[in-house]
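There are two complexes below, and they share chain A, which is joined by chain B in the first and by chain C in the second.
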Partner chain A sequence: MPAGIPFEDARKRYRPGAVPTVRSDDTSVDELLKGYHPDHGLNARVALSIGVNQGDPCQPDLARYLQANALIDDIDIAGAQVISTDVLIIGGGGGGCAAALIAAKQGAQVILATKLRLGDSNTVMAEGGIQAAVGEDDSPQLHFEDTLRAGHFCGEPELVAQMVMDGPDVIRWLIQLGVMFDLEEGRPMGGNLLRKKPGGASAARILSYRDYTGLEMMRVLREAVDLDPAVEVWNRCPAVELLSDERGRCAGAVIYNLESRTYVLVRARAVILATGGAGRLHLNAFPTSNHYGATADGLVLAYRIGAHLRELDSFQYHPTGIAYPAHLAGGLISEAARSAGAKLINGEGERFVDELKPRDVVASAILRECAQGRGIDRDGQTGVFLDTPTLEMENPGILAKRLVTLRHLARKCGHDAALEPFLVYPTLHYQNGGVAIDKDGATSVPGLFCVGEVTGGIHGRNRLMGNALLDILSMGRRAGAKAAESGAGAMAGRAGIGHVHAWQRQLTLAGLPLHVKAPQLFPGYAHFDLRVDAALRRGKWGGAGGGVR
Partner chain B sequence: MHKLNQVLLRDDIRVGADLDAWLACGGGEGLAKALRDPLAILAEIEQADLRGMGGAGFATHRKWAPVAATAAGDKYIICNGNEDEPGTFKDRYLLEHTPHQVIEGALIAAAATRANHVVLYVNPHQPLALNMVRQAVEQWRGHSLFSELGRLIGGPLSLDVIPSSGLYIGGEETAVIASVEGGFPFPRRKPPFPAEHGVHGSPTIVNNTETLAHVPGILRNGAQWYRGLGIGNAAGTKLYSLSGDVLRPGLYELPMGTRLEALVFEHGGGMLQGKEFKAVFTGGPSNTLLTKRDLDVALDFDSVRQRRSRLGTGAMIVVSEGTSIVRKVSEYVSFFAQGSCGQCPPCKGGTFQMMRLLGRIDTGHGVRADLEALENLCRILPGSGRCGLIDGAVTVVESSLQQFRAEYEALLIA
Partner chain C sequence: MGLVRLSIEGHQVQAPANCSILQAFLYAGETLVEGVGCMGQGVCGSCRVMVRHSGEQEVKTALGCETLVEAGMQVAFLDYFTVSSRHRYRLDEIGDSWQALRTLSEIFPEASHCRHCSGCDRACPKGLDVQRGVNLAVAGELAESSDVFDECVMCNLCTLACPEHIRPNHLGLFVRRMIASQSLRPANLMRRLQQIERGEMKIDFDAPGAQPPR
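The block that comes next holds the complex of A and B.
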């Protein structure tokens, strides 16, 4: 990347209060994406050499993890406690919680195992809001068209249609559970939900609570799950492998209890993976906005047991990640800032893109500015300005009232958002593809369901703001209901990790390295090694019960 | 490396249910030869040293001779295709890919013994095999060799396909007879042996599918040819079902007497992930485990027996250092407990108790008393059932306890 414009020079050119017009540009969207989006370019993809998606393109770093060896051997789970349940949910974010609540409501016994703690997820980091077509000038049809268009028409129309139709009911369900939403002002008797227009959408459709909608949602979902007697929550319990029976059905999972350092085999009639995305794998060496647990565990496990995946070479880079200071790099500045009217300014004081274009377009435009030397350099970090001072001047009080997180973030960065613009750079934000699912979240492996970011097919090759929250709740509720139904069937015969042996054969025959192991469970810089950790357990096996909870 | 798939699994004879294709590649010659000189069949089989491939390794001619010697009347030849035990997948392959080879073998047996009923007893859980056999049988009924055989026997010859119950116990010799009679496959006491008192009291031969598949080749090419296929004193070829922690699991037809090491490391591609070889569960898997020091054993009935184990069905479930013996044994004993027909209380209760104790140990709840109870059961249970199911279950538990006691002990919590 060529050197950009020094921060001091750029700061001098920047004029708060002035809103320049967008620089005229005759580059087509297609050319812009092909030229600057990280999904494109020479080393953007490799073909998978083993598994059901053999031959399909995949992001190279992700391919390495998908085609990795298992963390455990059969002997590691000898002597492991076996626990049976109707539905096992892996992942404690919004999708997992929604699935747990609905499955439990339908009478299923549920275990929800989460690697970190319940609610410690990307859901709480969703700031902007949730899309649902509830406005009188809006309709599910418009929502459907916007979603498909933004996804470059790669999404599954049936899945998208189902999701947008679920939208209003999901909002009603959330309100009934106790989730707060911002309301339109000037209606003292209560009234309409406040709607904002997200980038890439044709109507105001974002419903939000301040700029921490996901956190508010998770607050309520987490309480509801914790209070539900039919849902047992296991914190600090990552899944390290799925269990299969002799017919190749998913029959549960091997859970590692980080506190007692023991393995537990959970046998379940249905397993729901709600493990989120892959941001913390730092694909293409990008910083990420994702939370600590986003290491593609579910994707790796699902692929190994034989689930079909899709769009593995498509990721969303959020345009406005923090670029400076370096220790906060990748942290997300919500799209709420841009949907409220904040502009992007390059080192020459120009606006270079319509800020409300879809995320891939805006991110590519920023990458282009930086690549062509119009970015801003500050202490080795490069980016462009997000003009919050002008936003505050035009809408006095907006930072204090509606963009609370943003103001807080600015303080963490060491400046006042009302006086200084942010330096921003795209950040790895979302895995567009994932496990292929049907309308109930069922995968190509019987007994295995997937929900949320781990799945593919809804968002095509690019996701709209606010559609992720809708996706996890719409699909989470549906998968929970369907999984609870499968509780009626008999428990599969013997559950083991036979599919792992078949996988290891494929690895060897394809000449792939056996020492690369996945799922990673924690980001590389956590230096977590499952074998080392398990070996720390002293003396005899943790004993009956093992203190799983 | 030994020659692979020389006889039963030869590429050109895997023709499926098409009888004409089978006859075009040399099929039918064995039966034709048998019909020309039916009295010589038994001697040919005896000289070939054909053994029962279902597990016992009993000389085939000794099963046939008493039936051939009895006076005319109803006699039955049953091809046992019930195959259901873990790790064995040879008979279904034969029935799916070369059913005529098996049927011709059964017809030759009928010619040798003047049996007027030939039954193909096939596991309905293998629908493809069942379907293939049905199609194949249909084509034989109209063929001239078949009517010639009828004339030799001197009466109507029946050739039927009977789906088995699909239960594991349904593969036991006397249970096969009970099943063919239309009842539940309860094994019966022996003696009387089926050769004297089988289906509806008639003399009956129950042969494993693979055993019968060898017969046409022996008749066509002669006993000397067959003996020459084996290594050392062993005769013919054997289908080995190789599975477990090897790189290339699968069905291998190799000379009888191929060494275990050659099967695992040459044909099987060695151990998965390059791990250390630990043990092999053979046969049912109801036999004594073969361990590292047995890698040089020749895989034929007599040599394996010298190591106090048994070749069984030729199933070799290989276990590496990465796999727990206790988990495997627990899995197999659960299989036997579920497969017990329940008529002999010591077997019904004994397999269940062993399963329970192994389950406790395998899931981290076992104490020393459980291990001792398991050893006690191994002492008192053998020989207490009508059939060999309980003995097989005990053998695998006892042998694993003897050779891998440390693995059990490591899992005990007190």
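The block that comes next holds the complex of A and C.
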């Protein structure tokens, strides 16, 4: 990247309240994406050499994890405790909780195992809101078309149609659980839900609770799950491998208990993976907005047991990650800011893109400005301005009332959002592709369901703001219901890791190393090694608890 | 950039001056696999720490992802709570909203025992008026109580601090959930649900807008 414009010069040029010139630009969207989006370019993809997607393109960093050896072998689980349940859900975000609540309601016994703590997820971090077509000037049809178009028509129309039609009912369900939403005039009975327009949409369709919709949603879902006697929650219990029976069906999972440092085999009539995305793998060396546990665990495990994946070369880089200060780099500034009218300004004081275009377009435009030397350099960090002072001047009080998180964030960055612009740069935000599913969340492996970011097919190659929260709840409820229903069948006779042995043979045949292991479970900088950790069980640090291992 | 020395869980560590406690812990090469979640946004409430600043007597509670390190700081992690059998309820079984006060005192019988010690207020890393929120709920001022807990991240520090076992954040969430589930009936949502139920909102897969541009 060429040197950009020093912050001091750019700051002098920037005038709050002024109407900036718009940089004239005749590049087509296609050229812009091909030229600057990290999904494109020479090193953007490799062909997978083993597994059901052999020959398909995949992001290179992710390919290493997908084509890795298992973390455990027979010897690790010999003698491990075996527990049986109807439905095993892996992942404690919004999707996992929705699945748990519905499966439990249908009478299934549910175990929900989560790597961190129930609710620690990208759901709780979602700020902007959730899409549901409730406006008079809007319809599920428009929502359907917007979602397909934003995804570059790579999504499955059937899945998208089902999700958009579920939208209003999902909102009603959330309200029944006790989730609040912003209203136009604050009249709870007979008022209207406040609607905002997301980038890339044709109508105002974002429903929100201030700018911490995910927190409002997650605290309610977590409480509901915690209070449900039919759901057993296992915190600090990552899944390290799936279990299969002799016919290749998914028969449960191997769970590692971080507190007791022991493995547990959970046999289940149905398994639902709701493990989220891959941001903490820092693909293409990007910073990320994702929570600490987003290490593609479910994707890796599903692929190894034989589930078909899709669009593995497509990720979303959110346009407005924090660029400065460095210790907050990658943290998200919600699209709510641009949605409310905040503009992006380069080092020459110009606007350079329609800020409400889809995220891949806006992110590519920022990357182009930086690549062509019009970025702004501050203490080794590069980005462009997000003009919050002008937004506040044009809408007095908006930062205090509607963009609370944004204002807090500015304070953490060391400035007042009403006086100084943010320095922003795209941040790895979302895994567009994932495990292929049907309308019930069922995968190509019998007994295995997937929900939410771990799946592919709904958002195509680019996701609209607010469609992730809708996706996890719509599909979470459906997968929970179907899994509970399919639980009526008999439990598989045998549950083991036969598929791992078959996988190891494939690795060897393909000349791939056996010492590379996945899922990673925690980011590299967590300094966690499963084998070392498990070996500590009877060691002198065996009793260590709290934050120190 | 200068390094500062501080103590985390009794380990002496060095870290760059403007990083958070969690970042300092990682920078020092420690293993971090619990008590961490959103890693900086301050919304998950997992990274609860006790902090004593250099030269101060008082130990304060905070979130480790939001608190910047200082020279001489002493930090200890606070474990999260396991599920409690206290205060169980099913929202869909709360019927008559005229009985809200009785329901509240049945589910949270300790709430009226508040001894106004302000322990919850001091414990809150978000600076919420937790004690006021509890007292408002008991008095039936539900909307105002709900506002107090608006930015609560459910870190459970107030629950840890309360000598009467009131579990203020769970009480606050109960009040909020009751209000939303009993009173939120948005007109535009109800109309759209009615249209969908009547079959007026079918998806046309062949519409021009659903086809890729040629």
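The rule is simple: the second predicted complex is superposed on the first by the 532 of 549 C-alpha atoms of A that agree within 3 Å, B and C clash if a C-alpha of one lies under 4 Å from a C-alpha of the other, contacts with A are read in each partner's own complex, and residues count from 1 in each chain.
Criterion: a residue touches a chain if its C-beta (ideal position, glycine included) is under 8 Å from a C-beta of that chain, and two chains touch if they have at least 3 such contacts.
Quick caveat: nothing in here was measured; it's all calculated off a predicted structure.
Engineer: More residues of chain A are touched by which partner: chain B or chain C?
Structural biologist: Residues of chain A touched, chain B against chain C: more for C.
Engineer: After lining up the shared chain so the two structures overlap, which partner does A:Leu356 touch, if you call chain B first and chain C second: first, second, both or neither?
Structural biologist: Neither chain B nor chain C is touched by A:Leu356.
Engineer: I'd like to know which partner A:Val82 touches here: chain B for first, chain C for second, both or neither.
Structural biologist: In the superposed model, A:Val82 contacts chain B only, not chain C.
Engineer: Given the touch rule stated above, what does A:Leu509 touch, chain B (first), chain C (second), both, or neither?
Structural biologist: Touch status of A:Leu509: first partner only.
Engineer: Return first, second, both or neither, reflecting whether A:Asp74 touches chain B, chain C, both chains, or no partner chain.
Structural biologist: After superposition on chain A, A:Asp74 lies in contact with chain B alone.
Engineer: So, A:Gly178: does it touch chain B (first), chain C (second), both, or neither?
Structural biologist: After superposition on chain A, A:Gly178 lies in contact with chain C alone.
Engineer: Where on chain A do chain B and chain C both make contact?
Structural biologist: Shared contact residues on chain A (touching chain B in one complex, chain C in the other): 546.
Engineer: Can you list the chain B residues touching chain A in their complex?
Structural biologist: 245, 247-249, 272-274, 321-324, 326-327, 331, 334, 361-365, 407, 410-411, 413
Engineer: Per the contact definition, I'd like the list of chain A residues that touch chain B in the complex.
Structural biologist: Contacts found on chain A: 69, 73-75, 77-82, 262, 265, 494, 496, 501, 504-505, 508-509, 514, 540-544, 546.
Engineer: For the complex, give me every residue of chain C touching chain A.
Structural biologist: Answer in residue numbers: 8-9, 11, 16, 18-20, 23, 25-26, 29-44, 46, 49, 66, 76-80, 82-83, 88-92, 150-154, 170, 173, 176-181, 183-189, 191-193, 196, 201, 203-205, 207, 209-212.
Engineer: Flag every residue of chain A that touches chain C in the complex, lowest number first.
Structural biologist: 116-117, 119-121, 124-125, 132-136, 139-142, 144-145, 148-149, 152-153, 157, 161, 164-165, 168-169, 171-172, 175-181, 183, 188-193, 195, 210, 212, 214-215, 219-220, 222-224, 226-227, 233, 235-236, 258, 291-293, 325, 327-328, 331-332, 404-405, 408, 412, 521-522, 525-528, 533, 545-549
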